[in-house]
């Protein structure tokens, strides 16, 4: 009998490093089938994580694999597997920078942080546009050489503004939209159109302090830790699937403005992690919860 | 002119170490008056913290002082100061063990932890009774040589049960009641009677996940950190002033029962800190918020 | 062609949940071979993690799998795989309690914690003996119904004491020895005999503050965080492979005895995690470093 | 008898908010004397912290006070108190921005962070110059409108380079020098000249991994947490008084370059806190340790 890995001779040319992420209904044999297919294509698994959710009955997997086989062959084989197991799958070159639009209003800390991390190669994204309903942060975008688009929003122009945003997403080929303290609520329709592709940072430890002025709410409640939550945006405000949360200790002496200042650190930390994990295909949706293969 | 500290000659006898905690409407001269009075009584301030809350207009202070003056003199002088400034004050011997009743149901982790910390001198409390609506933890109390009182509670006997609890509090001279995962809601009346003297541990990061089964709620929401909150008990369920909060990182692979197990560590940590700070007079009430001089 | 998972029909009987952990020189096809073999034995992979260390050239894998095949068949198939890939492997029933000896001197906090966690099922170990060079903790062992062995150690009797310890390990069939603040240094010979089976908790954030009185050293250096390190014991004191570390914030007001008290929390937390991960076969040795599949 | 606070009538003009920090040999009456003097000058204490170190026998105090008295009067009174108690004291306007020189080499993360925090008012410093032995970060300084000085250093020019640095410190009136990943060792002489005024960020959890390439050392040792340490610079490399430390969890899968990237977050966090506390006069030296009134 020929075992799958007998064919797995490393080629002479340099292999490509791939990230494969997938989900499907759980059943025996998935890992064997995926690993067998990869081995049959000369793949060497470098990193791999699996999780079967007993509640949803779904199976999730992320594999980083070095392979010499042509991309078309891999995709064809994956297509077959996908049919057999009812899989949703995605294949991407490991480390490829995901095309990203960042939306902001006037708060600069998250934008600065994302741009700096992109430049210093700590974040595998390619920020193709900064979009804002204000002009305050145009110079920050300019410093990093990123096109800045001013798209003002009033009650009457919201629809046009969102149309313009969608246009920008299409023109730039953006795969991801990051709301980096963008202080406008997206319409249900836009949320649906971009589902799973918009990450927001909420400045509280959700589900505590939904809605407006979370630091004022936190101060009023007298909490001893403040937090931030990065989540996918859905039509249900502040209820989207959570990707990452973090907290910072505070005490009675901190005023609302101190919480705001301290919170900026937590916000940018949580957001940067969520964006990185998303760009590295580490985040998979499991209903209204996320699987994060860190 | 004779400055206050000219009188502050250390006596030949060993000084007593006192903790003075106080609050009053904020105005100039409070610290000077308190420190002056202490110096006039031969006091050496070893540790001191102050805070003026601009919102409530209240001033809070905690002083640890070594003094040779007789207690009666100190109390008399404090009485005068208190009148002048409209102070609420408390004077206690530093390190004195606060008489404490612990109430439990069937979960053992917080009780074990409190008893162990008391025994190892890490917690300045003297646990004078363990009260439970079950008998499951009688042997734990027995191991530490603490009287165990079984006070069952049904809908019909709740009033008598609370009467019995109050009796126990009086008989034992308990100053503090700790609800260490006691799964009964105290009546409004009892909350009022014991106001500021009952600490509860809630197994969530309040105000998230109030009410029953917080870990199931947290799991359902897909949070990435679970928490626990130690707070004073008021008639308003899960709304009492927060003393301490802590969190622990979790991920998608954790089931509700895993969260429960992981949460035990956070609960006992947060509760132990809250009890210690209360017993050391580090916690002062500022409306529905707490000042914690850590 | 018959693909492996065609055979993977869940049997009518309940499957056994296994943990398989393995390491071998890295090469393509390992995951495929392991997953294929498991699928061929009716295995459903529930959880799985892999890591290839580019430095050591070794590959590590931990799989949790539900399978109906008889144990002997699984072991035979693993034996073949092991030969082919030069694997070190271990197959265990998931959740089986690992037989464990705990060694202590006079500090009670880690012992209490381990015994309580064992009893509350939070720690999959079966503590078969408590061994101590003192008698101070005999009653703690008694409370939990665990045999206590007093094995005094002096310079002259060290050899006999270690012989007695080895005897106890053999008699009880202990797989793991936990030094829960055992204040004696094991001989090189004993370290070698029990290599990879002895976990120690060191009361500092190694490699800072090796040797004696780490909290006094930490206080003297004025550090702002204190820590604890759980590690495998080797002949090289405080240099064994690190399994887990944790820290706690401190400030200038803390005396050495305060650090000791605060440190107890960090110690028991880090030790409990390390013991749990070891007992769940989540820790694999990679030279003088550890792979921890959390 | 006229008590001190009888004079403490708030003036009609707006009071100035002062920060007073002091240390002196511990003895009874210090707080009373300071608070009495402040009250006599119409001062209202807004925040205050004290600490008496039993080891060094020194007493430390930081007071934030609102007062209407002229600065000269306050300073005269403090001068008298200082003589009487052998005090070192400093009086500064609360929130005043401390004039600061930042020194860098090629790593941008700490510089970016400090400049952004300064601009967003989260850091009470006025960065008057960026000095570097490279030119790589000139544009970052330019973006924030800060003068950039290229002062190359070779073995032969080190003395001149340090002379130039001192010149810049004098010309700009800098009170603080921050080594924000400046990869040159300052001479003993310069350390002495600027003692207590130079803060460095070391990219390890000191005293672990002193010297060069701490992340490589940490990786090799297999630690589970990496850290950073902000400390005052002394002639004794990596041995200066620690101001702040922080850590971040890592695991076996992280390569040295991953640790470097993750460490950037910890470094900038620890450094920003240390600089803020120093600028707010919250850090006092107690021998080779620091008192930090957070």
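Letters A, B, C and D mark the chains as written, and numbering starts fresh at 1 in each.
Everything below uses one rule, namely that a residue touches a chain if its C-beta (ideal position, glycine included) is under 8 Å from a C-beta of that chain, and two chains touch if they have at least 3 such contacts.
What you see is a predicted model; the values in this text were computed from it and never measured.
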| item | value |
| --- | --- |
| Partner chains that subunit A and subunit B have in common | C, D |
| Chain whose mean Cα position lies farthest from subunit B | A |
| Distance from subunit D to subunit C - Cα centre to Cα centre, in angstrom | 42 |
| Mean-CA-position distance for subunit C and subunit B (Å) | 37 |
| Where subunit C touches two or more other chains at once, by residue number | 47, 51, 253 |
| Pairwise touch network: line, ring, star, complete, or other | complete |
| Touching residues (chain side subunit D, partner subunit B) in the complex | 3-6, 8-10, 26-36, 38-40, 42-52 |
| Interfacial residue positions of subunit C with respect to subunit D in the complex | 51, 53-54, 205-209, 221-225, 227, 241-247, 251-253, 255, 286, 288-292, 294 |
| Subunit D - residues contacting subunit A, complex | 47, 108-109, 112, 116, 120, 122, 143, 253, 261, 264-265, 269 |
